[in-house]
Each structure stands twice: as structure tokens, then as C-alpha cells.
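Here it is, the structure in full.
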Amino acid sequence: MSQFLDPLLIMALALNFVALGVSRIRAVINAIALQGFLLGIIPLFLHPDIDIRGIVLVAVTIALKGFVIPAFLVHAMRGADIQHEVNPVVNFMSSVLLGAIGTGLALAFSYTLPLLEEHTNLLLVPVALSTVWAGFLMLTTRKKAINQVLGYLLLENGIFLFGLLLLDAIPFLVEVGVLLDLFTAVFVMGIIIYHISREFSSIGTENLSELKE
Amino acid sequence: MAYLLIGFPLLMAAVTFAVPSNRWRPWMLPLGALGHLILAMSAVFGPASAESITGLGGWLLLDALGKLVLGFLAVLFFLLSLYAPGYLAIRSDRPNRIICANLFAALAMMTLVTLSHHLGLMWVAMEAMTLVSAPSIYFNHNSRSLEATWKYLLVGSVGIALALLGSFFLAYSSLKAGRESTLLFDQLIEDAPHLAPKWLHAAFVLLFVGYGTKMGLAPMHTWKPDAYGEAPGMVGALFAGGVTSCAFLALLRIYQICRNGPEADAARQIMVTMGLLSMAFGAVFVVRQRDFKRMLAYSSVEHMGIMILGIGIGGTAIYGALLHLINNGLTKGVMFLSAGNIHRAYGSKFTDDVRGAMQRVPLSGALFLTGFLAITGSPPFGPFISEFTIVNGAILSGQYLVAGLFLALLAIVFMGMGVTVLAVVQGKPLEGTPATGIHDSVSTGAPILLFLALVLLLGLYIPPPLEALLRDAAALLEVKS
Amino acid sequence: MSEWLVLMGAVIVGASGFPGLLFRRSALAGQWLTTLLAVFGAGLGLMGVCWFVRTGETHAIVRDWLPQGIRLNVAVDGLSAIFLVPVFLISLLGSIYGLGYWKQTEHQENGRALRLFYGLLAGSMAFIVLARNGYLFLFAWEIMALSAFFLVTTEDDKPDVREAGWIYLVATRMATVFLFALFALLHTASGSFKLFALTESNSNVTPGMATAIFLLALGGFGIKMGIMPLHVWLPSAHATAPSHVSAIMSGVILKMGVYGLVRVTSLLPNPPLAWGAIVLALGAVSGVLGVALAVGQRDLKRLLAYSSIENIGIIMMGLGLALIGRSLGRPDWVILGMAGCLLHVCNHALFKGLMFFCAGSVIHGTGTREIDSLGGLAKLMPWTALCFIIGSVAICGLPPLNSFVSEFFIYLGLFDTLVDTSKPSFAVAGLAAAALALIGALAVACFVKAYGAVFLGTARSEHSRHAHESPLSMLGPMGVLAGGCLVIGLAPSLIAPALVSGIVTWAPNVADVGGRLAALAPLPWISIMGCGLVAGLWLGWSVLSSRLRSNVVEHASTWGCGYIAPNTRMQYTSSSFAQMLVDLFAWALHPRTHRPTPFPLFPQQTDFRTEVPDVMLDQAMLPTFHFVARLFTWLRFLQQGNVQIYLLYIFLVLVALLLWP
Amino acid sequence: MNTLVNNTIHILLAVLLPPLLLGVINRTKAIFAGRNGPPLLQPYYDLIRLFQKGSVFSTTTTWVFRAGPVVGLVTAAIAVLFVPLVNSTAPISFKGDMILFAYLLGLSRFFTTSAALDTGSPFEGMGAAREVTFACLAEPALFMGLLVLARLSGRLELARMLGDSMASNWTTSGAALALVLLSWFIVLLVENCRIPFDDPNTHLELTMIHEVMVLDHSGPALGMILYGAALKLFIFGALIVRLAFPITTSSAWLDWPIFVLGMLIVTVVIGIVESTTARLKMTHIPILLVASCLLSGFGIILLVR
């Protein structure tokens, strides 16, 4: 059933651009949540003969990436009453363009990598890499702290996507550990964002450049 | 044994968290640290060390490298924990529940890193360590420390994420090579020669950048000065000595895998380059540094560079680098703690206000100065041996240019730090600098003296067990030919 | 036997300061105990040296110490013996001198630290000389450098002291950097840290490597010796340190640099001619410029410091000659050059120690080092004055005192390079003799100025008007050193055996050193002439005084050439005395002259001053450092506190490394 | 004739001749000035009188002030024993004695200048400053000359350097010797404070060098100074004589008169120079001295090229 796989991946890829392009933070969160959800279900198509432990993993992933984390972020946002605009360093158009370029490069790079034959005609690696790239873009070109968290999520999504290639290679324990770590990280970041907004009454990182040299 | 080593600190963390009294809680630290120290020593040197300590079906295994770092960590943490009660008594205004518990949790995670024999597990441990150690940076609860924590967390997590991708690459490459990928180090080391260079290179770079970020190699070091500058002195010491050592251990593991692979030379070149780059960054930023705690951070960047450089040079320099891991950590202990005392005594950490520490806090001032001399490689202290061994290794292996740059950068750092340190220590306290009324005390002085004693001992004499351990560890990193 | 005595001596001296820490600040007992220990240890050491020189029997002491083949390997040989004499002698006398000069009761805040590092310094220097292992050498070297730093910054509440200490620290670290590379290279060449003479057979030393080692040694040890233009740290450090510290710095620490150079050159096989030429030329330059700078100084201790540079120059001329001799296969030059070099090492230690002790006594008595505010001390401090004039005569290399002998050796060698016309020759070296003559004449000018301005004439300020003579604890050591100068000057044959063993160690392949030396340099004649001179002077003096006794003698004020009210401010100041010479050397010294034109018809009170700042430091070193520092501060923009940029760095590094070839 | 006799004559000459030289110079100058001038033996009279005079000492002075004249005389008296007069022998001669020779003069300079400073008088300080300054340039010139001679004679004893081989050397490398002769003559003038460097009997203290240093000396001390100065003139004269007229006949009875003759010639020449040239401006003196260094420097270059 891998014929469904590529459309899913394309969708995940498209969501990168949405995340980069939209101006409202809520929209970005939603995009990433949806992407997380897709990531969750992809294993089902990638490994048709999936065992119980895979199912559990899928469930955990969907729960965390698709619902818990986004919900938490929305909550943190509300708690820290953050204005809803993203206000980027470079404007949306160009960040989308950059994303596109990155995707191209990712494709190029991934074709140089020697893959297993069952993965060769699969978009998975390029999509993963371009998602990583998109995550970097968001991390580096957005002013608000929460956007950096989102960028980090995007990054993680990309890595996770690649991780799916070796679902049966990477032990279950590690996968879960990774997910838990991710969650904790975002959780702690959320708390800090909350503190930041209390401390500076805004989460624009321009306030966060006191320490230098 | 392995489980005990990790479980005990976790247990202590829980207990400490439960202790109600803000006054008595800090005393749990020396208690737990002592227990952990005993366990660790018996694991490293004790009779238990003979048969290999394993767990989780081989995922936990304590080899020479692990032993080296574990033993060092235990000692470092113990000495720091001796300092903690005195310090936290001074800062009794702040609740210390979180920090005490977190310190134990961090210890547990570090121990796990040293024990883990599995790439993925090590990653999990590292990430966990990053997270649990974050709150202790925020101990002071002001805007500066908040900013520092934020940067530490973000930069650290991104770095770690890259390391994860690297681990995946490695795993995938071994799949590609048709091996079943267990991600166990033995397995990987053995597979390395057969892996596809492209994958291996990419994996090495990702892991190097990732764990390099945690270790604080330039230019991924950026979180370091902020974190060290704003965290309490003992936390700074724990980071500079412990966290970074774990990251270094991770890098050693990676190198251990790559050293016989097709990408070995590139790996060594990268290590040498990045090592020198880090030293250069350290040099640039210590010069005319007004904030003496940030100065220590940059010095730490420099010394991370020195260690990586030593590994990259290879030969006897590897031995030097491993020895430097210990020397640097202990000496940083001296410097951070004495700097913390001076900071407390003046209520400022800028050379504009802090002068004549030798007169206001004679002990801390003297220790700060001595620590400076030690860290910059002056006898009779440990770093002198390790740094000289690295130079010697470089020249023995004919890498004259590297040796030259290394020495030049050492000299620059010496001058840069010297200006700041001497400004702090010498002379008379400026008129109008408010005295906080905090002076040298046994509780905040004696632990530093212990640190210094160890540094001195390592400068004059290297105990045979340690010597043997170092040699075994170095042997693990030798290039098989 | 001898090595054990020396070793024990070194350890005891090195540790002498520690017990003092247990005593109260206000108590004298600690100082006494420390001094006794130091004297005892140094005494043991000197006994060991004498034992070695007499019997010549010695064995290396070798123990395992550190991994990587670093062993505790000490031994006494001819070279060590020569250099051990100043180490122990000056530290012994210095610590006695300290009893009066740096009384614990008067310097409670820093007295104990001072003595602690004083002992460490002496002990570490003994170890430098004993070390037969590169690592041990470096180790002791750094201990020496650091203890010296702490000694220089004893009074760190004074800004000029802090600055001097800082410059010293930077310089000595530079030296250490060179030495790191040097010993690592030696290790590569010889295959171990053991220091032994390298040959084609027992090592894989290539000519290129040998040259590299030589240049590194010249750089590293040169800084410590204060060769021009690496001397920048020397004047201020010597000037600001307590005087018995200045004495050991100038008298002994500089010699450690010499020792290093001598030792390393003794290890390397067949040196090329260029080495000797370089050393000789550097020596001549340092000698002439050093003393020229000294003439211009207005601070008594700075003057002495620059004269140390001059004497180091003379020592290097000796070494250069010896090197040339080795490369051209002329044993005579080797012997004369080395004899001059080694003997001048001891001599300089004696008379420069003496001079700094005298300077200290002057400071102790008057509270200032400003030459132009002193004067007329000869009446108030007769003994100091006597010692000072003896030291001055010695320092100018005049007969019948010691440094004439060492310069005599070097002169003979240099003349010989012209006389010996067999090929291959290096007659140019002869010109160095002229340079040495110039140095001698300048030294006379310099020290006539110093002695005259400080001790003769009448007091120029309140400081010197109320001066008082120093206690016996200070005069005693000065007397001993003055005696030493006289003894070596009158009976150089006494020290000849030590010189011979030193030369033999440096150039083992030169046969029958003792015989040749006796043939080359007529030491008995020097003794005869010296005694003759003394006798003649005594005769002349008694004639004069008998005449004075038989004739009427009146006392009046100085003849003012018709001016009836001569006053003290009419005296020639040191600046005016030096003016012509400073002008002669203005091309090198860039003096700052303060020469106001008196105006109008009845001009206001004004003064003439020439100051000779250190060109190398003020116009070369400091600007460079400031430039680099500015560059670095400019580079700070890399860390702007903007986390997005930080993440970008990570990303860029990632890409760069992924594209790594 | 055996060395004993030679040495006695040597010493006798050294003791008796010097004052006469002063007399000769003064007489020469007087003649040039068209005066009768003092009798030739006037210096002897002065000496005798001075030794019987009482003396005045400045209250500021110390023993150094008295040591000055003594050292000046004694060093000169010893130095004269190294100088060969008629052939390549001298009462005292050993390897490297020329260095001791030069340094004895240095010793005397040290003490005479110190003695001058001892009075605390500005003028004597001035004189001392000039003395040491010019010596700094004269010394190298002297040594360069010695180097040339050492190279030519291949010996390191002053007596041998100026010894028999001299005559032959003039034929082989006269140029170098001429240069040395010239530069040493300059050295002689400056070391003995002669015009054009200094005017021994000027009466303006500001312009004096040697004379101003001894302003405060009186009686026997002054006598010693005077005699020492004469002895110094004798020494340098002897050097010049050995350089210029290296004539050694078979019989010593002939040699001694020849030497005395040469000495007189030299002194007359000095007198002529003094009476025909004007004093140099103080600031120009160093230039002339440097020139003299360069002269003998060229001498060396000529030899070793």
C-alpha cells in the first residue's frame, strides 16, 4: 500500500511551506500538529506487516505530536497572552522561497546518498531533509521565542521522519525515549516562554540579547 | 552494579526533593555524592572493576573510557557537593529544592552516559541531562539567568536533535551495509570499515556538530558564556567539568567508531581544525573580558578545543587529551568556585568594581590566581603535564604547524586571562565598592582547597591505577594498523 | 656524594619559606627560622659544589617520576657546578640581607610570602641547573619564572609594580612557549626527554632541526637573559622588585637563561659558523646599547638593570666566540671564549648582587631611587659607599677586580681571531674587541655618573640629607661579595679548575683544557700585576698622606670659580653628566630631552632633564599588543546575544563540514 | 747589552723625561707665539715646589678626592712598564698586557673623574663629563689600532706588537700603519687634553676638560696629577715613536738616543699642532674622534680583506 505513501509525504512537505508561509501563530501550530499526525500514520503504510509495538509507537506519536504538544503550546500561548502575529526577520514570501530552495537542495543531496533499494524510489529521505531545513529556517528567521519552539518541532519532525526508515532497526525503547525527550523539551521550553513573557511582558527575542560578548 | 550506579542518584533526587527544610536539604548533596563516589570508585578501581559491569542486555557496559569519565565525574560531583551547603547557606533567600534535586538527576544522567554502550541510549541520556540541568541555570531567577537558560536550552536541544539525526544516519548506513544495526558500539566499531563513506561522513559530521554543541566547541559554544556567566559558581563548575566531559565522551565514542572507517582522516582533520578554531574563539573573547565568569566560560571553550585537538593529533596526544579532561575539570572547579566566592564578596562579577580580591577575600583571591596559573599550564599543576604532552605529541608526529598555532593560542589566552585575573586579584579594593560582608569561610574555602590539592597531586604524581586506566582508555582510541 | 649534597641543599632552600607560614605575622621568629634554613641549605649546596670541583666524582640520580618516560634525573657536572655557585651564594646572602632590608615586623603583610617565593626561586633554579631531563628542566623553569613574578609583585598595591609584574609575566610566558617547542623538538630528535649530547649516531637530528632548536633556544632563553631587543621586561622588573630580589634576578635568574643556551648548544652536534656569529653580534649589540641606555637612566636600579643587559652581552660574546671556535675547530677560541663566558657569569653574579645590595641599602637609608635627589651619601653611609665603589670598579672591568679577568679572556680570544691567519678564519670577530672596549669606556662613564651623583658632592634633597647607614645584616653580605670580587681579581687561578671542568663539559672533544688555558691566559701575571697595583696604590697613598702630614692642610668650601655663594643646586646633575653621551647615542635611544630656553631677561626657575625610555617597549611591543587587542574587541561582534544567529552558526558549520573534502 | 741595564734605563727615562716633554711643548708654543716662554725645566721646578706646598681641601670632599691623584699617578707608572721604548722588550711583558695597559688608563680615568665629582663643583662635574665622554670614543680607536698591530705582528704582547717586526711591516702594509699612526696621534691629543680638544692653559673654566677637573686640587696632590699627566704624555708619545720611527740599530747605545730624539720630535710636533690649530667647538670633538676610530677601523679592513 505504499502508493499512499508518497501523497502523504508530499502533504507533509506542503505543510512545511504552510508553516513557513502563514502569518498567524495558531495556523503554524495547526500545520505542525497536522504534520505530526501524518508522521504518526506513515509507519502503517511504510511497514504493512507492523507489529503491536509499532502500533503502540504510532499511537504515542499521534498523541504527542498531533495533539498533546500543540494543545500545550496553544495553552502556553494563551497563558502568556502572546500577540498572534509571527513577525519574521525575513518576510514570508522569501522564507517560503528559501524553503523551496532548501527542498531542492535536499532532493539533490538525498540522491547522492546510497539508499537501500526498497527506499530508492521513495520521497521519504528528501522530505525528511527538507523538513529539517524548514525547521532551521523557522528557528533562524523568526523573532518570537514560541516560533523557535515550533521550528524545533519542525526539525524534530524531519528527523523523526527519517527515523521511520529504520523502525525495525531502532529499538522501541529508544523511539519512546526520543519522543519523551522531545515532549519534555517542548514542555520546559513552554514553561520558560511563560517566564519570559512574565519577565519582559513580551516574548520578542530582541529582549533576549542582554548577554553578549 | 550498573543499575545501582544510576538508580542511587535518582533515588537521592527523589529523597532530596521530598526533604522539606530549605536549610537542611543541601546537606543531602554531600551525603548522596559520597554514596555515589563510593559506588563509582568500587566500580572503577574496586574488585568489581575486574569483571565487566553490564546491564540491559549489553546496552550498559563500563569500558575504560567510561570508567575514566565516571570516576572523574564522581570525584568532581563529590567535591562540588561539599561546597554546596556553604554556598546555599549564603543564598538562603532562594528556595533550593529544585536545584538540589536537579543536581542529583543530572548526576544520574551523566552516569548513564558513561555507562551506556548504545548510541541511541547515549542520546537519550544526553538529552535528559540537558533538560534536567537547565533549571539550575535559572537558580537566580532574574532576567539574565532566564535568558541564559533559554539560550542554553534552545541551542542545546537543536544540537542534540542533529546528533539524533546523525545516529539515525549511522544506523541506516549499517543497514545499507547489510549488517543488522544494533547501534551497540562494539557492533558499530566492527562494521565501520564496511560502511558507505558518504553515510559515515554525514553521520560523523552530524554527531560531531550535535555533541560538539553540548561540549561547547566554537562556534557552537554560544550558549556557554551565558550559562556559565549567570549560573551559580558550582553549577558552572559542574557544567564545565561534568556535562562537557560527557559530551566529550560521546565524541570519543563517535571517533572510536570512525577511526578505522574510510572517513578516519577527514574526521581527524575536522577535529584538529575545530579544536584550533575553538581555541581561537576562546582567545579572542578572553582578551579584555570584563566579566570574569564569562571569561571562565571562554577559557572552557578553549580547553574543549584543546581536548578535541589532542584526539585529532593522535599518538601520545590522545593520552594528553584524556589526562587534560581530568585536569581541566578539576582546575575549572577551583576557578569557578573561587570566582563564585569573589562574586559573592563584591556583589559584582565585573572587573570595573572588583579589585584587590587578595585583600578582601585572601583565600578566594589566592585560589583564583592559582587556578588561573594552573589552567594556563603552569607547573606544578596538572594541566602543565597534559598540555605539554599534547604539544609533544603534535611535534613527535611532525605536525609542526599545529603545534605552533597551539602554543601561540595558549600564549594569547594566557595574556588575555592574565589581564582580567590580575585586575581582580591584585591592588587595593576600589573606594566605594560596597562590601557585601561575605568573607572567606571554611565551608566555602575548604572544598576549593581540596580541588587544588588534587590538581597539584596530578601535577606532581600520577597514581598507577589512574595511569593504567588512562593507558587503557587511550588504547581504545589508537588507530588500528 | 656531591650530587646528594647539592640536591639536599636545593630542597632545603626551596622549602625554607614554608615553616615561616606557621608563625604569627608580627613575629620575627619565622624570618629567623627561614633564614637559618636557607643559609644551611645553601651552605650544603656550596659544599657539594666544592666537593665536586675538588674530587670531580659524581653520579646521576635517576628515579621514575611520571608516565611517558618522564624521569627524575639530576646530576652535577662542570657546567652545573659553575652555575650553582651564584645560585646558592646569592640566595644565601640575599636571605641574610633580607633580615635587615625586609624585616618581618616592618613588612607584615607580605614578608612571609616574599620569603616563601624567595626560597622556591632559589631551589627551582638549583633544579634547573641539575636537571638532566627536559621535562624536569621545564618544570623547574616555570616554578622559577612564577616565583619571580610573585617576588616582583610583592608590593602589588603600587601601580608601577603591577605593570612591571605584568610585563614580566607576559615575557616569561613567551619564553616558555619557545621552550615547550624546544624540548618537544629535542625529544623528537633524541627519542627521549633525557638531555644528552646528540650525535649522528645516537639521534635522528637533522641540520634543519638543529637550527630550529638553536633558534628556539636563542628566543626562549634570550628573553630570560634580556638580550636586546628581547629585554623589554627586564628594567622595570628589576627596578620595582625589592632589592635583594633584584639582586637574585639580575645576578642569577638571567644566568639561568645563559645556562639554558650554553647547555643546549653543548648538546647539539657541530654548530654552523652562523650560530656563533649571530650570538657574538647579538652580544656586542646588547652590550653597547645596554650600557648606553644605562648611562641615560635617572633611576638607580633601572641603571643597574640596563648594565645587566650589558654584562649579558659580554657573556654572549664569550659564548659566540666559543661557538665559532667549535665550528672552525679552534680549541683556543673555545677555551678562551667559554672561560670568559663562564667566569663572567660568576663575576656578574658577584658584583651585580653587590650593586643591587648597595642600591637597596641606599633606598633603605634614604627612601628613594631617584639619582638626582641623592648625593653626598659617602659621608653618611661610608661602608655602603665603599662597597659601591668596589662594585663600580668591578663592573667596569677594571683591574685589579674580577670582571677584568673574564673580559681579559674574551679579549684574548677575540684578538686571536685576528692573529690566527690559518684558513678558514673569521677575522671579523676581531671588531668585537673594539665593541668590548667601547662597552668598557661607556661603563666607566655610567658608573662614575652613578657613584658621583649618589655618593659624592652634597645632598640634593631632604632624602639624602637625613640618610643613615644600614645595619650589619645588610653590610655583611655586601662585604662578602666585595671580598669575592677582590679575591677572584687577584687570584683568578683559584677558580680556574672550575672553569676547566666547565669547558670540558661544554666541549668534551677539546683535549688538555687545563694545560691550554694556562698557556693561553697568563693568570699568574694577572695576579702579580693586581698585587703590584694594590701595593703601588698603597705606596702612593702613604706618600701623599705623609706629605699632607708634613705640610699644612686647611679646609674650605669648594672653589666656585669666583662665585662666592656656591650651593648644592649648582652641582652637576646626573642628567647633565650623561647629556653628551646620550646625544651621541640619540640615534638608538630616542631620548626625551626637556630643555627649556631661559626667558625673559630674569628667567623663572626651570630645569633640564633627559629621560631615556625603553624604545623597544614603548614604540614596538606595547603598540603591537594594543593593536591586537583592538582587533579582538572588534571581532566581538560574532557574539551579539542573538540566538537566531547562534543557530545559524550551527547550521553553517554543519554545511561546511558536510562539504568537507 | 743585557736586559737589566735596558730596564734600568727604561725606568730612569720614564721617571725623568716626562716633565721635560711638557717643557718642550710649552717652549715650542712660546717660540711660535714669539715669546721666550718658560725655561725647559720649569715643570720640574713646579713639581718640586708643589710637593713642598701645603694644601686646601674642600669640606665636601671625601677620601675619593685624594685617591684620584694617587691612582692617576700609580696607574700611569705601571702602564709605562709595558711600553717598549727601543726594541721589542719592556720591563714587563706578557700575553695580553696591552689590555691591562688600556684598562689601567681606564682605572685612572675612573678615579680622577670621581675625584672631580667629589668636590660638588659644577665646573669639575662638567670637566669629568667631557673626560669620560671623549674617552668612550678614544678607547675603541686605541683598540682598533692594537688589533691592526696584533694582526701584523701576530703577537699579543704590547712590546712585540710595536717591536722589531714594525720596520718590515711598514714596507708590507704601510697604509694600515699610517692610518693607525694618524688615529693614535688623535688619541694622544685627546688623552692628554691637548689642542684642538682642550687647552691646558686656558683660563676659562667653561671650556676646559682636564684642567677644570683638578681645579680644587692643591699642593702634593696637584703635583701628583701634574706628574701623572706628564707620564701619560710620555706613554702615548712612546707608542707614537715606536709606530713612526721603528728604528732598531745593532747597538743599544745608539737606540736610546734615537728614542729620546724621536720623543722630542713627537713633542715638538704636538707643540706645532697646538700652536697652529684652534680649539674645536665642544660639539665637534666627537666627530673628530669617531673619525679616528674609523681610520684604524679601515686599517683592519685593509688587513683582513
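Each chain gets a letter, A, B, C and D, in the order it is written, and its residues are counted from 1.
Definition applied: a contact is a pair of C-beta atoms (placed from the backbone, for glycine too) under 8 Å apart; a residue touches a chain by one contact, two chains touch by 3 or more.
Since the model is a prediction, treat every value here as computed from it, not as a measurement.
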Trace the shortest chain of touching neighbours from subunit B to subunit D and give its length in steps. 2
Farthest chain from subunit C, going by the mean of C-alpha atoms per chain? A
With contacts counted as C-beta pairs, which pair of chains has the highest total? C-D
Computed distance of Cα centres, subunit D from subunit A, in Å: 101
Subunit A and subunit B: spacing of chain centres that average the CA atoms, whole Å: 31
So how far apart, in whole Å, are subunit B and subunit C when each is placed at the average of its C-alpha atoms? 44
Would you mind pulling out the distance in Å between where the CA atoms of subunit A average out and where those of subunit C do? 70
Among the residues of subunit C, which are close enough to touch at least two other chains? 636, 639, 641, 643, 647
For subunit D, what residues touch not just one other chain but two or more? none
Residues of subunit A that contact two or more other chains, please. 139, 148, 208, 210-211, 213
Write out all the pairs of touching chains, ordered by chain label. A-B, A-C, B-C, C-D
Which of the residues in subunit C come into contact with subunit D in the complex? 375-376, 378-379, 385, 389, 392-393, 396-399, 404, 407-408, 411-412, 415-416, 418-419, 421, 427-428, 430-431, 433-438, 440-442, 444-445, 447-449, 451-453, 456-458, 520-522, 525-526, 529, 532-533, 536-537, 539-541, 543-545, 547-548, 551-561, 566, 568, 570-572, 576-581, 584
Within the complex, which stretch of subunit A touches subunit B? 112-116, 132, 139, 145, 148, 152, 155-156, 158-159, 162-163, 165-166, 169-171, 173-174, 177-178, 181, 184-185, 188-189, 192, 195-196, 199-200, 208, 210-211, 213
Which of the residues in subunit C end up touching subunit B in this complex? 65-68, 135, 138-139, 142-143, 146, 153, 156-157, 159, 162, 165-166, 169-170, 173-174, 177, 180-181, 183-185, 187-188, 625, 628-629, 632-633, 635-636, 638-639, 641, 643, 646-647, 649-650, 653-654, 657-658, 660-661
For the complex, which residues does subunit D have touching subunit C? 51-62, 64, 66-67, 69-71, 73-75, 77-78, 92, 94-97, 99-100, 102-104, 106-107, 109-110, 113-114, 117-126, 128-130, 132-133, 135-140, 142-144, 146-147, 150-151, 154-156, 205, 215-216, 219-221, 224, 286, 293, 297, 300, 303-304
Touching residues (chain side subunit C, partner subunit A) in the complex: 636, 639-645, 647-648, 651
